[in-house]
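Have a look at the structure below, then the notes.
The first chain written gets the first letter, and so on, giving A, B, C, D and E; residue counts start at 1 in each chain.
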Amino acid sequence: MTRTDGTRGSALRRPLLSLAATAAVLAVWQASGALGWIGPNLLPTPTEVLTTALELAETGYRQVPLWEHVAVSLARAVAAFLVAIATGVPLGLVMGISPTASALLDPFVQFLRPLPKLALIPLVIVWFGIGEFSKFFLIYLATFLSVVAGAAAAVASVGRDRLRAAEVLGVNRWQMFRHVLLPSTLPDLFTSVRLAIGIGWTTLIAAEMVAASSGLGWMVVNAGAYLRTDVVLLGIVLLGLFGYLLDLAVVGLRKRVVPWMGRE
Amino acid sequence: EEVPEVVRLGYAGGPRVWMLGKADGSFEKAFGTSVKWIPFASGADVLTLLAAKELDIVRFGSSPATAGIIRKLPVEVVAVSGVIATSERLIARQEIASVKQLEGKTVAYPANSTAHYALQAAFKVHKVDVAKVKQVTLKPAELVAAWSRGDIDAAYVWGPFTQQLEAQGGKEILASRDLQKDGYYVWNNYVVRTEFAKKYPQIVVKLLQVHQQKVDQYKADPEDSAKIIAAHLNVDLDATRSTLAGLEYPSLAEQLTPRWVGDGATTPDSTIARGMADTAAFLAEIGEVRKADIPPSFAPFINTTYLRQAVGQK
Amino acid sequence: MDGPGVIAPPHAKIRVEGVVKTYAADRAVARTTALQDVSLHLGEGELVCLLGPSGCGKSTVLNLIAGFERPEFGAVTVDGRPVERPGPDRAVVFQQPQLFPWLNVLDNVTFGPRMAGVPAARYREDAARYLRLVGLTGFERHAPYELSGGMRQRVALARAWIANPAVLLMDEPFAALDAQTRLTMQELLLDLRRATGTTILFVTHDIDEALFLADRVLVMTARPGRIKAEVAVPRAAVRDFDSLFDDPAMAQRRHDLVALVREEARKAAPQPHPETP
Amino acid sequence: MTRTDGTRGSALRRPLLSLAATAAVLAVWQASGALGWIGPNLLPTPTEVLTTALELAETGYRQVPLWEHVAVSLARAVAAFLVAIATGVPLGLVMGISPTASALLDPFVQFLRPLPKLALIPLVIVWFGIGEFSKFFLIYLATFLSVVAGAAAAVASVGRDRLRAAEVLGVNRWQMFRHVLLPSTLPDLFTSVRLAIGIGWTTLIAAEMVAASSGLGWMVVNAGAYLRTDVVLLGIVLLGLFGYLLDLAVVGLRKRVVPWMGRE
Amino acid sequence: MDGPGVIAPPHAKIRVEGVVKTYAADRAVARTTALQDVSLHLGEGELVCLLGPSGCGKSTVLNLIAGFERPEFGAVTVDGRPVERPGPDRAVVFQQPQLFPWLNVLDNVTFGPRMAGVPAARYREDAARYLRLVGLTGFERHAPYELSGGMRQRVALARAWIANPAVLLMDEPFAALDAQTRLTMQELLLDLRRATGTTILFVTHDIDEALFLADRVLVMTARPGRIKAEVAVPRAAVRDFDSLFDDPAMAQRRHDLVALVREEARKAAPQPHPETP
């Protein structure tokens, strides 16, 4: 049980282990391709994917440079995430503290949350057209609903006595919200945001099915239509990689923002 | 000849004449074994299913079939199931009278579809400066939604979506049949997994024969056939009627002429082999396949043996 | 020593009258009766200590006055108005210090004034003074989880005092402190009370502490809690803890209280004489 | 701030408020259709959806009775959820307590988690074919990865002193895991499971794109391809409804299983 | 009264030698030195009380022996083996009762034996006895959050005792209890010690409690903590709290200790000297 024991081993141990595990998986993958276990049409080897990456980095995919596909997707997703967090956390907390707000809004949140966003595309197009906003909105919606649900649930585990302590210090409703509930739920909120961002990033592909002509999600879907498995896999690797980096960023932020986690 | 335990047929779920055989079980009867109908949503899915050996015979469009062959899928084309004539059309707003006038406008099409190919062909035939056209990919239902908002000015798509666009003020400016005179054909074909066909040639032959029976049945009573198919697939009857009527059905015998697939010897020069080459060139042009991957001829991937047997045994 | 059935004088700051409070236990069959017909009152500026065996309902009385809970029967009023919810007029020092882990010591202490919108210039000096008084100068920037148990409790004290409340409810606030620090805090409490006239209800287990601090000491019975006895302590200008019990009257009070509490505790703990294993 | 105050108002207040809000939204929807704001082909009115529901309940959609579509989807999803929870919670907790396990596995979990499951369909078909297992696997994977991430994060907020208290009572590693960490993280785990189930249910539609011929997700996609907007909307309503019911079930379970939440 | 620089006898059960422990403060510039060169030892079966001003490092000493933390310098051994991690041979009663909220009182108390795989038949009787001894019979099925502060602490006591550990580390275990309950617990502790020969390190703020319980009393200096003095208490067969200080030698020890603690607390309280690096 070495949970909080960060001192054993060097600080490099963790990244080294992670790298080793990743390298091992890549090696098995490469070998399985080289030994012909799976045809190249279905699972190109890492070296093939790398070749494609270099090729696309130079010539672009469908007249769009590779970095631009990445940048476009990141811009869409990160904008949606930020707005989703900024709106979802307050709404979720309000639902957590007010039974009335919860009774009024919970059915919609919990109804919409598990809905496949793919199925909503026609409606979103009717309402918002086929421009950037529709793509933003789909990612936003998926992230927002999860953040709301997570934030509302987080309120329930705030200790009763802490709320009481704040009440006798004379906080008003807004202050209770901003200065007590928000920081108290921060550890849980970070977890919810991490899960929600995962969901949002997953929705990228659905969002980029809406009349896009660039972006990683679009690239994957489009290349898949022509069995360009190497491009598909490159897209998947990039999607996963940037998803992972986004998660690392959130975890890093949590360590800075919630130093008291687990030490109360 | 031995018979497989089950024959796996891939179908798109839209109204097509061979659905008559799905509805009444003709294929099972003819094969003397059971049939598993495997639905797919798009040509892309078909390629995956074929690569994964989850399909034996499939009916789908010429564009994805060509893409699959370029990507070295072990499959071959055995026949044309229907030629797209008026079932796929270019619908535009009232003020747009010709294809040329699409310059400066927004046009939508479903990705990697026969309609996509036809749209590009139409641009070529009518000498449209493609750089001036804003092209967007949308699924058919989404395309209707975008139309209703005024986000797009034209769309190349199939029924029942064409009718929807017309109901909302659209007007046909081109149908796929109009491109045939310029040598651009779009069609649906039967594609088999080579391995399966080698092992069970009779199944392929019988499939083609049942196909012809169902075409005949449709031609004898289009209205009744449409009703059967609409009910079986839970789709709109009007849409079914117009989709079925919007395809041309060259008979198996006709298909053996160079006008279609040819008889083996004439195949390299056949319309279909040339059509596939055109399609391949188009795919390379838009950057979806590597030029280097395109075979010099598509004739080796068109196997007319089964067609000939199907006709000979009739 | 008076009987328990006291009628609150008209000028009482806090009145608790005929209060009954029971708790439904989640997994037990019967409800627990925490308080059974409790009545007490505190005059303006009075310091009353509440004694009683563990589990008799002292914290519950405090919770009712603080407004955290509502009685099933009876009434709780402060300044004649029924208590409906917690408010900053009634500061509370909890049995366990409820500090905010995301704030450092200084920010915890100044939480109340900051929320009330008091300008920093006005509370900064106060905060420094209270931190000095509780002996935590130099720890302003420490996080609560970097403090010892007693230090945390002293932060909670400074936080309650800085608000300068009309009523101060304290639940065993000095239990985690060593004798000397405790004495310092006790003297501090008396000084502050003298200066501000705060009405204080003080729960403690320490009879000496009660006699040193209180104007009146109330003794509760074992669960279900009722007020068993009341002991008035004549208010001296300045008390000195070391010589407190040199006064034979005080010594007598102490003796009486020890006997009273002991009797109740015996009732509560059914087996005071352990057999060894 | 009435968070824990369940006594004010009658116990019926909450469901009544929820019903009223739902009724209001349905009324606006119906009105917007009746007034022709949106064409019926894009957004059929509630009454139209109801008619379709009755129709399909009688005759079925594509030879499959409506209840069977629902049952098939629920069976797929619930099976995947149960296995995902049973495997994801232990793995996540292990990653939470063991830095080594975390270093080895975290890159893969965080890489795969935000990957659009849609993009994995080809690989899943190659590996597992087009049978039920592939559909199960896609839903399982989506749910599992989120549960793992949530469980691992939950460990970090368990109080240090509680772990110490357990250690001096002589728990071994397994007992620490089973009897201390698991119950301690339960409140957080319930939140993670709720979010994860939302993700899993969202994935249903992707899963049922894999050569399915029944199921709600399949019904929505298939009907969409032929402009049966009424069927699409009925499918969406049923998807949302059952997603909501699943969530209610989990919340109900949490109330029973974690009565100490917020009262520590 | 001996000097502080004691060399541990060879038969010592617990040895702490030359231990230094500092903490990095998250948001403060300087590290806090909690312990500076602390040495102490406990013989087999000895009961040693640790006194010292709030924040001087008592809990830290306990944490080191328990194995929760490691010293920067110096050594901590139990039975001659260096302490590497916590273990059930060293039971701990924490400053705040760390009960498991998902278990009822009975299950909390029997947690140790259940984890050790002791058959229910064997611990059931023990549990009932300890619950009776701490006065909680009838609360077996209550949840921890349905108990008062003092009741929770008594559950923690029963939970530690039932394990029958070789070493018992107690951090102000009776601070939340009323005088009578506390006395009952103290007597219980002495009885159990007599019966089992457990070695006990007992942190307290109460000098009377220390003298009543201890074989030896150690006094720590204000932060940074060191052992300032050691007071041996002759072991009597049975002690009686009420008449403890009738013995003039005892009264003298009390007087000495009060003076010692007071001196250190004075250093700590008004103007602590936070060390700068």
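By definition in this document, a contact is a pair of C-beta atoms (placed from the backbone, for glycine too) under 8 Å apart; a residue touches a chain by one contact, two chains touch by 3 or more.
None of the values given here were measured: they were computed from a predicted structure.
A.B. asks: Shared touching chains for chain A and chain B?
C.D. replies: Common neighbours, chain A/chain B: D.
A.B. asks: Please identify each chain that touches chain C as well as chain E.
C.D. replies: Both-contact set = empty.
A.B. asks: What pair of chains has the most C-beta pairs in contact?
C.D. replies: Contact tally peaks for the chain pair A-D.
A.B. asks: Using mean Cα positions as chain centres, tell me which chain lies farthest from chain C.
C.D. replies: B
A.B. asks: Report the inter-chain centroid distance for chain B and chain C in whole angstrom, where each centroid is the mean of the CA atoms.
C.D. replies: Measuring from centre to centre gives 85 Å for this pair.
A.B. asks: Roughly how far is chain C from chain D, centre to centre by C-alpha average, rounded to an integer in Å?
C.D. replies: Roughly 48 Å separates the two chain centres.
A.B. asks: Which whole number of Å gives the spacing of the CA centres of chain B and chain D?
C.D. replies: 38
A.B. asks: Among the residues of chain C, which are close enough to touch at least two other chains?
C.D. replies: 26, 96, 143
A.B. asks: Counting only residues that touch at least two other chains, what does the list for chain A look like?
C.D. replies: Only 42, 122-123, 126, 167, 221, 224, 229, 259, 263-264 qualify.
A.B. asks: Residues touching two or more other chains, restricted to chain B: which are they?
C.D. replies: If we look for residues of chain B contacting two or more partner chains, we find 48, 51-52, 139, 141, 144-145, 148.
A.B. asks: So which chains actually touch one another? I want all the pairs, not just one.
C.D. replies: Chains touch in the following pairs: A-B, A-C, A-D, B-D, C-E, D-E.
A.B. asks: For chain A, which residues count as touching chain B in their complex?
C.D. replies: Answer in residue numbers: 39, 41-42, 61-63, 121-123, 125-126, 129-131, 209-213, 221-229.
A.B. asks: Which residues of chain B touch chain D in their complex?
C.D. replies: Against chain D, chain B makes touches at 13-14, 37-41, 45, 48-49, 51-52, 54, 139-141, 144-145, 148, 160-161, 164, 168, 232-236, 239.
A.B. asks: Which positions of chain A touch chain D when the two form their complex?
C.D. replies: Residue positions touching the partner: 1-6, 13-15, 17-18, 21-22, 25, 38, 42-43, 96-100, 102-108, 110-120, 122-123, 126, 142, 145-146, 149-150, 153-160, 163, 167, 173, 176, 187-188, 190-192, 194-199, 201-206, 217, 220-221, 224, 229, 232, 235-236, 239-241, 243-244, 246-248, 261-264.
A.B. asks: Show which residues of chain E lie in contact with chain D when the two form their complex.
C.D. replies: 66-68, 85-88, 90-92, 94, 96, 98, 100-102, 111-112, 115-116, 143-145, 159, 163
A.B. asks: Inside the complex, what are the residues of chain C that reach chain E?
C.D. replies: 23, 25-28, 32, 51-55, 57-59, 95-96, 104, 132, 135-139, 141-143, 146-151, 154, 171-172, 175-182, 184, 205-207, 258, 261-262, 264-266, 268-277
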